[in-house]
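This report refers to the structure that appears directly beneath it.
Chain lettering (A, B, C, D, E, F, G and H) follows the sequence in which the chains are written, and residue indices restart at 1 in each chain.
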Amino acid sequence: MINEIICIVMVLSGLLFFVGGAIGIIRFPDFYTRMHAAGKGDTMSVFLILMGMAIYQLNDFSLANLLVAGKIFFITIFIMWAGPTSTHALIKAGIDEGQKVWTRKDEKGDPEA
Amino acid sequence: MSPTNITSIIPVLACLASLLAVLPIVLLRSKPNFREGATFVAGFLKFGLVLSMLPTILDGTTISYTLWEIVPNLTIGFRVDGLGMLFALVASSLWIVTSLYSIGYMRGLKEHSQTRFYSFFAVSLSATIGVAFAANLFTLYLFYEMLSLATYPLVTHHQDKEARTGGRTYLTHLLTTSIGFVLPALIFVFVKTGSSMEFAGSGFLKGYIGETEALILLLLFTFGFAKSGLMPFHSWLPGAMVAPTPVSALLHAVAVVKVGVFCILRVYSGVFGLEFLKELDLGTIITWIAAFTIIVSSLIALSQDNLKRRLAFSTIGQLSYIILGMALLTPMGATGSMMHIAMHAFGKITLFFCAGAIFEATGKKKISQMVGIGKRMPITMIAFFIGSLSIVGIPLAGGFWSKFYLLYGTVQEGQYAMLAVLLTSSLLNAAYFFPIVFKAFFCKPEESQFEAKVEEAHPAAVAALSLTALVTVVFFFYPEPFYSLAEAAASQFISF
Amino acid sequence: MSAVSDFPDWGDPHSPANSYRLSQGYITDTFPQTSVPNMVTAVLADYRGYDTMFETVVIFTAGIAIIGILRRYGPKDKVIPEQKLYKKEPDLIVETTCRLMIPIIQLFALYVVAHGHHSPGGGFQGGVIFGASFILLALARDLQAAQKWVPESRILKLAGTGIFIYAGFGFLCLLLGSNFLDYAILHKVMGVTPIEARSHSMLGVEIGVAFTVTAIMFSIYSNLASNGYMKEGL
Amino acid sequence: MYRLSIFLLLFGIWIVFSGQFDGFHLTLGVLSAAFITAISSSFLFVDRSKGFGDRLREIVLLPGFLLWMLYQILLSNIHILKLAFSSGDIPEVQPSLVRIKTNLRTDFGKWMLANSITLTPGTITISIEGDELLIHSISKATTEGVMDDSMERKIARIFEPESK
Amino acid sequence: MELFEAISTKINYWVYIVIMMIGLFAMISKNNLIKKLIGMSIFQTAIILFYVSIGVKEGATIPILYHDQVHAAHGDHGEADTSHGEHGAVESHEADIHINPDDFTNPLVHVLMLTAIVVGVSTLGVGLAITQKLHREFGSIEEHEILEIIKSGK
Amino acid sequence: MIWIFDSIILIFLVVTAIISLQVKDLLSASMIFGVYSFLMCLLWAGMAAVDVAFTEAAVGAGVSAVFLIATVFRTSRRSSD
Amino acid sequence: MENFFTLTGVAIFALMLPILYRIIVGPTAIDRIVAVNMIGTKTMVLLIIIGMLFKRVDMFVDFALTYALLNFIGSLAAARFFDRVNPEKQIAKLETKEQES
Amino acid sequence: MIEQSPALILIPPFLVAILVALVGFRYQKVCFPLTVLSLAGSVVACVVTLMRVIEGGTIRYFIAGWAPPFGIEFRIDGLNALVAVTVSSVGLLAAIYSKNRVPAENPDKVSQYYTLFLLLITGLLGMVITGDAFNLYVMLEVAALTSYALIAMGPKRATLAAYKYVIMGTIGASFYLLGVGYLYIKTGSLNMFDIHEVLKANDLFGSPAVLVAFIMITVGVWIKMAFFPLHAWLPNSYAYAPTTSSAILGPLVTKVMIYVMIRLTLTVFGVEYTFIQLEWSNIVVWMSVLAILAGSISALAQTDLRKMLAFLIIAEVGYMVGGVWLADETGMIGAIYHIIADAFMTLCVFLFAGILFAKTGKRDLSAMDGQFKKMPLTLVGFLVGAFSLIGIPPTAGFFSKWYLIQGGINSGHYEYVIALLISSLINAVLFFRMIEIAYFGVKPAEGHDHNHSSDHDSGRSEASASMLIPLLITAAILLLIGIFNKDLVAIITDFVSPFNIASGAR
């Protein structure tokens, strides 16, 4: 039961961060800032949700389930490696492509132009 | 009256004799003498084989041999009867003569590709004999097609522009009609009867098809065998005149056109049966078509200046005699038409030989240039005269007899219109042949028309044409073999 | 067409016309007959092993086809001289990540191949993942690095070996006197029961598939990415 | 020795993956781990000079660091959330590019640092050039956050104890 | 609700047709060669969707046996493994394992579609290779441009 | 329960399919095709076709998207339609 | 609990909508790619959730992992694409501009 | 070993294909002998299987030993075996022909070429001998992928043609797959014979799903065989592909697809359903009439030799589709016989086109200029093929036409008969135009200078033996299967007659 509650809490908070990422990706003005939302929001929320699942999986404890939880944990580790790297790669790609950095100072123009 | 039948492989051998001759001809291509020797050997062999069957056939017996069942229910079979024998006899004998002539002609003109010429000549002859001895419609068609293709290289032998056009006309006509008309008709017959389409003395189609179908089939067959030169599909014949003269001779006298006519006769008698045709009263249509062709072609012939073209149109007319005779659906008409196959063959081949000889010796093709040539080439022109006699149908030449029987047939049937047609056309024949002879012998040539020396053609050619002329005369006095063959055949077609 | 196709009685419910003895039979009989809990794998590699063999051949064909279409050999085609080849500036972050990942990906790929019997996966998926590890290397460094690891000749060898393994199992059955691909006969060689022989042969077959897929996936990638030169990639 | 340890590591991972403990699958595991060790062991650890003790210390200290990182990620997410839900046209957003210098020497250390910076609030590493990191920062505050080198020191304590 | 459910069970088939038409349309009408290939992939996927939809059974699980069933078969038959775990679907462990076909989706279509996916990716690969070759030779991947080049070039 | 997922995914599928064909930038098109593949994979997972989903995940998401990108890189990125 | 997972799934789908919006509208290709990357992550989570619903997570974990992996490869490939098509690096330019402003 | 012959049909080309890919990569010389050997092995296996079929009736071979609905089955009857023999022997001949051409046209890629070549044959053979609807799809794709590549390995325009082929071929194959899916929904089976049993047992013939399945399968197969309105991919592909490719694709791919159509109509859906219940025969026959006419007339307009032949293939496809849909036993026999005959005659003319291209480097008809002098033997081989396409007696083409026309008359489809005849005539025109050019030269000699011209190119230069021998063998085969067509037809009849296709009465 306690597992379930932990799970629900974690999943919900994960969802919350997802919402943050999703809103962020719409609202943020330029590519780089959106990248912040995407990269960070995803990593954390995936971590939370998956760990929630893993904990729920341990509800009835057995070796098999432990291993499944271990695998889920492994995925999260993986995400934590891969997430920043791909964020980094993409943001670098954006710079290579010549995406303009949106700055507060020129407020007159279209931020993305 | 059912003729007794024996099985023998001789017809096959007769057919194959010339086909196999191709091999030595090609192998001996570097030695012209041996090559032509091979041609002769094959020719005599073939003639001998054909002749060896003659007595049997004259007894009223047929010889048959089934070679191969190629499609279920359909065989490649050989069967020799009177009509086939008659035709085979003419063809094989004339091959020898033509070979003789062509040696003279080809060597005289130093033509190129002589090996190819002789090979395809031999193949054509095989096909011709195959047609003559075909036991069923299918075999007939096979050899018919084979003949069309084998003669193409002969027609276009010169390989120049004219030859190309002529050859194209030739093939277009023949293939269009054979594939477009004969083949469907053939398959239709096969589908309807389901039989093996063996020629029977009195036809086998009766009872399988209705009147309309019969009419359509009849027309398909009649026009389909376009080698016979019936009027709408005749134009290949003058077109094919571009061929070397021996080929023209072969085409117009022996092999090709006679094959066409022969096929038509075969179909009328062996497939439909003359009685069946009579029952449906289909003969009249054919006679009118034939009559039209006769008159029109004769009229056209009058206006031709090129000798070979004139002969070609003459041939068209003469062929229609044969069809007309058969379409009269009387025994006498049938006999006459069959005899005309032979008689016209000998007559016309003589004429062509002569035309070739003139061309070889002088290089002239036009009639208007031949004034006074009779003095220079007396033998040739005498032969020409005899040939014309035969074609016109005047006594002292074999043509008289066949025409006689044809006329007799019309009278017998009471078709006086046809009688009139035949007579008119004979007059026209005379009108377009005799002036040539007259001018040749009795008019003075304009000066400088001929070069200094104009002599007779190559001896072989002269020999050949005199031979045929002689034979033509002989047939007037002794038409017995052909008459009895024709009568035997006719008696099978129509029970008296 | 779209209108008509609605007519037949579709149905997700568990008893449409498709619960014919075929699928029923597959579900109930696979385990007793082959001792493989993953029915898909069992059907794939055994009942319809012939299909799968040619599925592998399709992959192989695609690889060869792409080499045939795109590959450019010879000095005259070498439009880009060696020194003008694109030199990627090293990116430490990506490279390190990939370096750490690649062995684990490969291990995972092998795991997928080996556990096709018990969980989803099998030769094909494992092969793709394994191939992806090479692609990852090529992306992280450059094509040359990956090429050094699996040069073209080795790709072909690998791919061919894979199919040979598959067909070899089939052929062995044939030689032992049974039908083509009838693994049960292999118990004579393996020394286990026929059922287990089927199970083990399936694993062997999957390994063959994995070989081929690995090689061909990388081959396709390297050809496509280098436009046939195999010199510089994406 | 290096290969053996890699092999053992991989085999451990295999067991996590596999979840089957019968002989057959373990054999397969040994084979695959050996295979991977054979073909790509050189990828895992570039720096082989480190002794066993160093590795052990890394393993011991890493979880702590990870937990701290987790906390940082949480912070960064909250930060994003705050930004996302703030009204108006997000006044706090004021991006800038920053260059910071690092004292870390090893590639692995730099990598760790870069990734950590990416995961911490409001900053993303764009590139590493020599010992300089180019960082995109979302606001003034985060720029300042990245300037202090506490993170770098933590990483250095784990992976490069001899430096500093 | 009944009606809604009826529609929702058939929605697969409707959508498959829609997707197929999208793919077909793209294959036929697009000018860009890569777009065409993407359309082709979508088209193929639609077919796979159709097939997989055939095999679906309401309330059935993935076509892999439960561990318990496997163990029951492997272990001694007499020793009944009582731990059902959370899976209630296991019927019995008596003499032999008993597998209820309704509990598992149809594995056959999955097998077929594995093959189809593989074929799809192979075709895509070959198509892409041909596209690259075309670009190499004509310098364009727009069909109408290529056709113009051919027309003007020869 | 899963049919809810199914229906949502199906709608998404149609949308992504259309987008990926309408986008003028081929690189985006291939990436969006990747999304399409993701969704397909989800759909199949939802339909209990695990192996198919696995394959699609491997092929659609990973390999074929990379192939497409490689080709776009080697040819041209702009599309007239 | 099952309902909870279903609702979670639906919520994640709902969260895909804004990302989808970014995909449709996304002014540049790279925006789209970022969005695609995000959808990939969400898909992975969804996979696990589906596994939960089937009560067979052990089967679904494998390919969630595959998924994460290949998603990574996909975005890496896209990034490399930009790396290659823009050979002159613009980082320096960007910085100078930054300093000017 | 003899009872394994069905499996052995496929194994030699399949395994050797891979061997070629492996070994040939390094040693190019071994590719050709290996290819020929393996195909020869396949031919032997096919012939053995045919003999067994003739002796003992249908052979059933269970792959992997599972009984039919579960496993995949080869069910080999007269039709299969005949077509298999045809396919493998055509493959063998084309392989021999390819000896010099492949290194000439694709110097770097010999091993790949042969691998693809062998895999194509494998795929086609697989399609022919399999008894499983889905397996057929897999084989179809093997064959399709290889043929895309084989075409795309040609020069510029071939690539575009190959692209078109990829698109069309995929649509076709996918339609086929969909059709199989519809069938599977209704019957739950994939084995062709089993499907038929189920359809019959549950009386599903009225179901719209089966109807849609039928439509989809038929349309899919039609696309693949380039039936007239769906033929757009074919002409350019075959015209611009490497010569060996067109020599193997032209004869085989469309023919095998027609085999597939026959197999599906007869075995899966059954005669009753296809011809009687649907009442589509008339429409399809009219379509085939259109196909024949369109193919022939388009062929007339071509100057490119191979393109012309490609259009002729479209016409020939019309023959066969029409022949099948005449719903007449003889027509069916004719169609099946025509598959075999047409495979060889198309091979013959494509081989010739390849030789010509190799010799002159020209694609259009002017390449024929005066070739009679230069390579008479080659021309003889070509003539046989041409005559066969026209339908001139002793060759196989005549007899197939014979049966087809017979079927047409039997079933009262005179329009089909007429179309067939018109097409024959057009073929005649086409080929005699070519023969004329070969015989006379483009600009015919002006009477006097034929001596001159014969001096000019007196040198005879036959095609090299590796090209000439297959051509002559093909020509000989054409004559042989023409002359011995009765035995062939007996086998076909044995196969067709149990289906009780209505004969005659209509």
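In the analysis below, a residue touches a chain if its C-beta (ideal position, glycine included) is under 8 Å from a C-beta of that chain, and two chains touch if they have at least 3 such contacts.
Because the structure is predicted, anything quoted here is derived from the model rather than measured.
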Relative to chain C, chain with the most remote C-alpha centre: B
Pair of chains joined by more contacts [C-beta pairs], F-G or A-C: F-G
Computed distance of Cα centres, chain G from chain D, in Å: 20
Averaged-CA centre spacing for the pair chain E and chain A, given as whole angstrom: 29
Distance between chain centroids, defined by C-alpha means - chain A, chain B (Å): 98
Residues within chain B bordering two or more other chains: none
Multi-partner residues of chain A (at least 2 other chains): 19, 21, 23, 35, 45, 64, 67-68, 71, 74, 78, 81-85, 88-89, 92, 95, 101, 103
Where chain C touches two or more other chains, by residue: 5, 10, 18-19, 22-23, 26, 38, 40, 44, 48, 51, 55, 58, 61-62, 65-66, 69, 91, 93-94, 97, 100-101, 108, 111, 115, 118-121, 124-125, 129, 132, 135, 220, 224, 227, 234
Chain H - residues contacting chain E, complex: 134, 138, 141, 144-145, 148-149, 152, 156-157, 159-160, 162-163, 166-167, 170-171, 174, 177-178, 181, 184-185, 190
Parts of chain B lying in touch with chain H, wherever the complex brings them together: 68-72, 112, 141-142, 145-146, 149, 153, 156, 158-164, 167-168, 171-172, 175-176, 179-180, 183-184, 187-188, 190-191
Chain G residues touching chain A - in the complex, by the definition given at the top: 1, 4, 8, 11-12, 15, 18-19, 21-22, 27-31, 33-35, 37-38, 41-42, 44-45, 48-49, 52, 57-58, 61-62, 64-65, 68-69, 72, 75-76, 78-83, 85-86, 89-91, 93-94, 97-98, 101
List of chain A residues in touch with chain D within their complex: 16-17, 19-21, 23-24, 27-30, 32-33, 35-37, 39-41, 43-45, 47, 63-64, 67-68, 70-71, 74, 80-81, 83-85, 87-88, 91-92, 95, 101-104
Chain H partner contacts - residues on chain C that touch it in the complex: 1, 4-5, 7-8, 10, 16-23, 25-26, 46-51, 54-55, 57-58, 60-62, 64-69, 71-74, 153, 156-157, 159-160, 163-164, 167, 171, 174, 178-184
